[in-house]
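Take a look at the structures below.
Each of the two complexes below includes subunit A, the first together with subunit B, the second together with subunit C.
Here is the complex of A and B:
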């Protein structure tokens, strides 16, 4: 998670409302895929989760998939890299960065017979889809696990910046914990950086000193989990399975599985049946977001969590069904109604059982 | 509630302060000998990454620390050759060292980001069981943090109270006079730069071995630059560096405490407050001329005997 999310709050609403493209795209020849990464392919978080998708695609389609990493969020640079790949015969360009949105839109318009995919982007054309994960589904279930695990009814969660797709993670985590164990509170701290492991570890230590017995991180790095593990507390990881960093205390990790959407997508493209979905959100149902195996809580608690997970897949349950009140007690979503995806992108509050400030 | 918050806060201050203290004391040694090293951030990064790489390779904490220091020393040697022997402009040489350190650390650390290591933990709590709880919390730190404070006192004593320190200061205050008195200016500066580099490297190793237990590109996050500024705040005195580091450490340690307490506090303002405190201190020091002339006179001035004033 780097800069891609920083300004999402401002623009996403606009582009989510942009008309989803309908026309089908015909590739010239077989799919030839290429990837761009924001960080390094082995950064242990955001780009690594996408590199895993690249490897899965390579296996599924029996082709070598070239990539270039450390591509900065500068439109001209991104366009250059895309053009290089296109000149070498690639016809499906995949990346994952909010900051690539403009470059991808421009390139997609210039090359109508090639397909572009930008995960966490906000632009879309008939041949460009920018999808993101319903991370809140994974976080709601992780919140339930934390709720079952906690004895102090006090959880800690470490966040980057207070933007909508981060706030929905905290809020879903808190709502899940509340559902599993009424009266549980989530202390949230914003690091104001996507990566400052020293600070993340220090915040984790402070939260534990003040009574939190589950530490969840919404960051690239497992630094906060290492502290929790040493203190004998529970933890929740993010982006990739972080169990290696906290084998004795980790409850689960909210993981991305980009390949779960990308592999069927390329199949549809090959068949000629694919249409850009615009800027959709894919969740546990599609497999794009999921929790790593739940552990360190009783089996019947895990069964309850998996039952909710199944309801999410069946479309019978949403974390965003009211009543949902914010910290000030104001009702943000009345009972019986569910927050729409468009409204999720405008989320600017913390729910009632979250303690901490966005300012 | 407030008492526990204060106790928890006090307990985290030393570990926050230690990397700042180590780097600041290192830079004080440099600057008292008349050499300004702006490469601290890069040296810290190299030491932080190499310590993690050795740990990931199965090396113990001691080996990891030594390896990190050795790597930092190699980079410092580059700076020393440029700034002391070749007499390149010290600001430029420092910036080159900074860029080299950041670049090389990112390069060698590529592929090892976010992989956790055992690192160095605080001393066993049982050692402090007989003390009042708050005091035990403050004293229950890792060994490296103790070393940091010990080194600061030691360096202060050496600089201010030994012949070695007198010669070092002479080189920084008036290199031609020191030379005339028979002090080998280049040798003293070389030694000071290398010794300072070692301390900056220990500071970097503290960040990864104690602070984060892992490496991420860019994780030094400006702490080396803060150390450069803290030299001025400490008025080039290693004892005052302890106070300065504790001030920064205290305020930085307060942020996670307040964030995790769930109190509604203006975080951005608190994070800004160490810099406001520095500004206020410098203003006051300037107004009352209190140690305002503490800066070594020959700081940043390369010395060549043939160009003696």
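Here is the complex of A and C:
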């Protein structure tokens, strides 16, 4: 009986302690934000989309937001830059790189009263949130557009690293193309870098030579699109609206609008009501991901794409509803079922109509 | 009328040596300050960034000291080689070779687990030493200029590292081009002051050892003879070739050890860019220290402080990262100019017209 009491007491204590551990982070004073960028702030892609968020935050909060760019995915360098900002009074550190995950986790543990945000990261603590976009929603719609546009039924897509949140981009693109134009295949190539414009252009040219008539890039630069434009082929951009790089052939760009989540997040932090959401995904509904205006395809097709977009917003449609088979023909998701977000983070295969290897 | 006569000094008085060094540094700092002021920095910004943050702020000091660990080792590497007039322009390659050698230990489970860290340090020294020793051999046997060979070996090591990171050593979990993380036993412990890790003891011990070697040991004495006049040294029975080989290999081992402190103390795995941007500072440090091993420690801390200040210039004043490199170059040039005044004396001689 006594033992039971002790256990009960311990349980109560635990329950009381648990919310305390999960409690909101209380900032010392007003929010002071600082940014780290992987590339240059004007790289035409990834870092530029985050710089746009920085400028939007600066406007919304009327403060100058300092940043450093070209921070390599090297733990010591990332930690040094974070420390620098914290020591100069910053209390919210925002960055966006998968390769910063370890450094952000270490810094978040060392500075529990500051808030850390690492977009596209995979680590989280009570004061570190690594949110990302449901890029697959944008890519599915872009895949539909490519499916409607293609004549050769052969698409090319250039990718960075074969990690889950990149694999879901190519898979969604392929599924969208398949839905719009059955029998369409997507040729994929991995560059093993986030930005390597020379290689991206070479791969783009090679894919066009092999018959691809839509080139989609999942990289930080528009290099592949420039090649497609010159060859008179269609293209799909990423991260920012890349229409300027390929005005005559671009179908759309899968865009990030990080500020759509960051501005409300900072407001919550200021109020003291913010809690780390772990590694949440925000999509077209929240506005974090969206496609740029569709063009160069018939209006009927655009209407069909926008109808699917609306179903995504209403929660009536997911690209991940089965049947989904991988390259080997193995069923990864049976008909009628939908892959959960947790399982998406473990995606390690390419779907059946993708040609190319993850190696 | 008159003219300027420049003549070499037979012996430089020590007081002048100190004076030209300080004068060179002072002039360099003045020019750097003017350069920064033209870039839109205020005087108070300069003082707060360079003196305030880098030395008095604990976090700034933490960054400076952490950075100084590999900088000390690569500085020693160049300094030791210069003791035998061997120009080591290859510290990055040797650092990579050391880091790669160290990484093989956890990846292939070499030796008993509890002493992995020590085996890694030893492997790193062997790797770096071999990388530089080969260049010394090439100079001794093939008369290949070491400035060229050590420089080119940088690229060989870098490409080898990338080959491994994109191939056999790629992280199996996410296919990222980094090695898998080392276990806690295979990393250098933090000392409770920010990011400063136990590698600082390796750096200080290396500096003390080099000081002993260069100043007190017989090898150091022979090295001085070889540096002054290799032919004469050989004539009196100094094994000149062996001394050059030994000092160059030791120099390489020191850079290799720098690679070890980075992968084990900072990254806790092998990552893609660890060896970048060490060549120029290593030469600046060795030169500022006039190849004195203990002086290297001071110069390395100073250069590390420059980087710390440069980071905040980049972050808060949007100055490009190359600013720090520019300042290092200004300092180096000024100290070199001071060196000129130390080696040569300049006399203004009045010409007297003799009437016939």
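Going forward, the second predicted complex is superposed on the first by the 335 of 359 C-alpha atoms of A that agree within 3 Å, B and C clash if a C-alpha of one lies under 4 Å from a C-alpha of the other, contacts with A are read in each partner's own complex, and residues count from 1 in each chain.
Everything that follows uses one rule, which is that a contact is a pair of C-beta atoms (placed from the backbone, for glycine too) under 8 Å apart; a residue touches a chain by one contact, two chains touch by 3 or more.
A quick note: this is a predicted structure, and the numbers were derived from the prediction, not measured.
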Could you tell me if A:76 is touching subunit B, subunit C, both of them or neither one (first, second, both, neither)? second
Once the structures are superposed on A, label A:87 by its partner contacts, choosing first (subunit B), second (subunit C), both or neither. second
Considering only touches as defined above, state whether A:212 meets subunit B (first), subunit C (second), both or neither. first
Just checking: does A:192 make contact with subunit B only, subunit C only, both, or neither of them? Give me first, second, both or neither. both
Based on the superposed arrangement, let me know which partner A:68 touches: subunit B (first), subunit C (second), both, or neither? second
Is A:109 touching anything from subunit B or subunit C once the two structures are fitted on A? First, second, both or neither. neither
Going by the touch definition up top, name the partner, subunit B or subunit C, that contacts more of subunit A. B
Where on subunit A do the contacts with subunit B and the contacts with subunit C coincide? 192
Subunit A touches which residues of subunit C in the complex? 53, 57, 59-60, 62-63, 66, 166, 174-178, 181, 194-195, 262, 266-268, 271-274, 276, 311-312, 314-316, 321
Using the touch definition from the top, list the residues of subunit A that touch subunit C in their complex. 34, 66-68, 70, 72-76, 79-81, 83-88, 98-99, 102, 161-163, 192, 358
Which subunit A residues qualify as touching subunit B in the complex? 40, 42-45, 156, 185, 187-190, 192-193, 195-203, 205-207, 209-210, 212, 220-223, 225-227, 230, 244-245, 355-357, 359
Could you please specify the touching residues of subunit B with respect to subunit A in the complex? 4-5, 8, 11-12, 15-16, 110-116, 119, 121, 207, 211-214, 216-219, 221, 253, 256-257, 259-268, 271
